[in-house]
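Mind having a look at this structure? Questions to follow.
Letters are used for the chains, namely A, B, C and D, taken in the order the chains are written, and counting of residues starts over at 1 for each.
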């Protein structure tokens, strides 16, 4: 509808454009694992670097100029602001273009998007973080958030499984947690050909034998490939977890991140708006959830 | 709401006056079908058209548009060309106005789509009454009347158009014509009511949408989806012509020899195999069956949960565009096990 | 970054895709400035026929032993092999011979007792060597070609079109030749990228770009049959440009 | 015996080579070798419905794809007794002109001129002498623009179908084309200037037979159905139905192409032949240009074909403009193609492709499916004449250095502008 008295000052595209990427610089590229690098970014505009705030579990839309835009979880914790850490796996076109960039190169960032973990609800409870493979990327934000606000949470348990020791993301950092007493950090690998691995060997669900979990006082955050969901979810249900205390982080194709482009729609939810964190109860009610 | 009437023979005059408010676009004939197009002559307008090939959606969300230009050193600069162009869409049917109202809600919310919103502000809509044909079921979808979303809406009451004034701009248009419009009297109101009854009687299609979401849930495993999946060509026609399909794709086009270029978005469809494919290689709707089911599910069930009503407005476009005759009304009837109108 | 070395080659075909490259009149000088074109027989008489190539653009189908040998040699010296045009990608009209007796065809065209020509059943490039990238079209579309070169220069894989001609046809708001006029239009099965060039002109798509990834020919064939087309004509139309592709 | 062999003829479309066998000073044998793989399209087209024929046979050759398409349509329409509308005839002629402009500009400036100026390619030449390259690109683009506007695509046109066109260009498109052509006219002087200053290329002199389409108005690439064969002192007319008297071809072992003679004489087709056969059209601007290029007809030097192409570039642009004016005066109608009622019978069509005479001849069954198809291309018609000129060039060249001979032969070959992908599609007996 055209407003007769409208003057030409209305420029929603120029200000408040939700699709506008803000330029950020790569300050560090850490080659954690083959094809899984950790990129540390800082907004070029200082005020953005200072003011950017996110919730654990949220994601950004990352633009690799000339190649495209993609959703990437924020792996750093809001408790450690000023920079963003992104753990990106090289799978295709845009991620490959990202991997060709070097420190000081420029990227576009917009966000944060998605619901993130319901922190207010979780606080005061136990947390169980269970991840397989790349699933550690979104959980790491939650992990450090909880560790940095240790007094706000009861018991913290981390279960993380990778194929081999060299495939484990954030390995050094996580190994340093194993000896800490304020967290039960359980790391496992499917196989250890080198024989140098000092932690668990075996499938992820086996770690439950080493953890003390009170299903009625705990929120479980699960993330990983479909097999991880399959086995962990069953285990949690068997333990008697309420369905709405199991939190899953879902991946869908996304082009906008803000509930317009339609790609991430699951049944009647947009992964980018109502997700990517869904409870198990949501999941069984949504077709095609996993 | 202000209600006036315009003698039919004055419509030409009215059209020539409203041109000062923007570029006039209306349905024109194209090989036996109709398309919204810029008018070069008022006499080209075909206000008694059935439906246009593409809905007015194309004005608000073009098939392909540039969102940003990218230059190293400058970053992403929003592309604003054409957003402030003033257009008057003359002769939009109620269902199409309804559909734009639906798009309004999708493109509003916490993250307003500024491109859509800018165009929505700058494009005026003059709606027009229509007579349902054998593919229309807008009445069933509750989209046969609209109470907002237009600047003016004309109902055909015989010798007059009864005009609903929807916005200040609509009112300005009326005022700009001097005294072309007249007040309505009791007889006009009676004429309108008669027209309303006639229109209702003209519908040849009828589907029941109450409890449809529930039935969709119950029939999620119906064998019908498999059969439709085997038939669907994934040609995307239904999504393109749908006035409420808004899925889009975003791509970066680079210039030769640099990383500079533009970010564009273009219409997409949930019927395409790539629509729900993700980085891990998982495709959440890998089969054609899953995709065609999703299209119906999202429109008739998912959208209800999100926005309180189905996104389908019953314009009949997808049914006539589908090369393999996948027909919404038939799909709903089959889900409800309705054989014919009498058994409803 | 140093310029990528490039070779442009034609096997058996109409040379249309090489011609399209030359038809990029406005961009040609930029293209040759950005690429180090080392071997391009159609445009140059001084060619380095042995150097390593970053990109080999190959048009045409393999229809002779000589073609096959050339293709193998090109593959060996190239990092990325790009199949250019429908003949290279699918076999194209050259591969209309699928399933026919080659010797008899030769006799028919050249008369019995013709010399022993070098001639083998037509094959697309991927049937002979691994292909890294396909740019389809009969001929290729200029814009797609330039976009592909632009992407390759940046090290990116060019974007592939994943939907059918119908989608573009609808976007252009054409009258549908199939639903409205009952014509034998291959739009629903053919990969888009041409902007629905033919239906835009009220001409049925003959499928010159080859099939879209997810073509459902069985279903469309039923529609054509219901419309009264002879199975023979439907089959002929669907296999004109892609011998195995479209017919499922 | 010594042999000079040129494996790959560069800067031509398709794959060919030249072999010369010398015994002392005597030229034993000269071959024009064609390696292009046989695609057998005439035979593969058998059984196809009439509406598939032109799109498939267009793929014989990209540079002549308009000519192949339109000749095919004309043959099909002849077989079914369809008379297309005058508007269709004009639009088709316009497409021919567009193709000729594109083809000549490409050949002359990007393929042939580098020879005269001693560059291996237009790309190499562009570094020192960008003007001819840019001129060529501008004119090429103009020709393509015509083909795109009328034919729907520059290569393998889609808009022309049996009975007419899918959609005729509208007023705005024709106006835009007219402005482009008027702009193109300003380049024609540069064309003549450039060709007039090229070094002479006198490699062989020889009495030559020329064959071209004789059209009703003596100046059409599309309308007309007689061929005239002219030599110094003789002329003969061959009606379309007798086209085989031009194509009594023989298969030769060194080539996938076959050779044609008329009454035992090799003959040349193409630009030079067209100017020779239809001399009366050389008037006005064209006549002045012809004087500047010092072209005398009938020519005895095959290299003069390049001059003829330059002249035709001017003529094509002028003719295209005339046609557009004519269409604009009459106002283009939104015609649909005429309905096609297939019937059994044969149809033959002769036109002028950029490289010369092109003949398509079909036999259809009553359902409109191809029973038999013959396609005779200009390069096939030229092959015998080209070998004759090779032979004369070797005989008339005192210097038997391989490098010298090879360059001369290549230049003669390129003057013919051979289109080798065309040449392999030959008559089916």
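Basically, contacts are C-beta pairs under 8 Å (C-beta built on N, C-alpha and C of every residue); 3 or more make two chains touch, one makes a residue touch a chain.
A quick note: this is a predicted structure, and the numbers were derived from the prediction, not measured.
Looking at which of A-C and B-C shares more C-beta pairs in contact, the answer is the pair B-C. Mean C-alpha position of subunit A lies 43 Å from that of subunit C. Per-chain Cα centroids separate subunit B from subunit C by 38 Å.
Averaged C-alpha coordinates put the centre of subunit B at 52 Å from the centre of subunit D. For this pair, subunit A with subunit D, the centres built from the Cα atoms lie 65 Å apart. Touching two or more other chains at once are residues 251, 254, 259, 261, 274 of subunit B.
Among all residues of subunit D, none touch two or more other chains. Residue positions 154, 156, 159, 202 of subunit C are each in touch with at least two other chains. Taken pairwise by the contact criterion, the protein chains fit none of the simple patterns, being neither a path, a ring, a star nor fully connected. By the touch criterion stated above, subunit C contacts subunit A in their complex at residues 154-157, 159. Within the complex formed with subunit D, the residues of subunit C that make contact are 10-20, 22-23, 25-26, 28-29, 32, 37, 40-47, 63-64, 66-67, 92-94, 96-97, 100, 105-106, 108-111, 114-115, 117-119, 122, 138-139, 197-198, 200-203, 206, 208, 232-233, 236-237, 240. On the subunit A side of its complex with subunit B, the touching residues are 1-6, 8, 10-14, 16-23, 63, 65-70, 89, 91-92, 95, 106, 108, 225-226, 251-253, 255-256, 258-263, 265-269, 273, 287-288.
Listed in rising order, the residues of subunit B touching subunit A in the complex are 21-22, 67-68, 70, 72, 75-76, 78-80, 83-84, 86, 88, 106-107, 109-115, 117-118, 120-125, 149-151, 166-169, 172, 220, 246-252, 254, 258-261, 263, 265, 268, 270, 274-282, 284-285, 290, 294, 297-298, 301-306.
Every residue of subunit D that touches subunit C in the complex is listed here, in rising order: 8, 10-15, 35-45, 47-49, 52, 55-56, 59-63, 65, 106, 110-111, 114, 120-124, 126, 133, 137-138, 140-141, 144, 152-156, 158-159, 161, 165-167, 251-253, 256, 258, 336, 410, 421, 425-426, 428-429.
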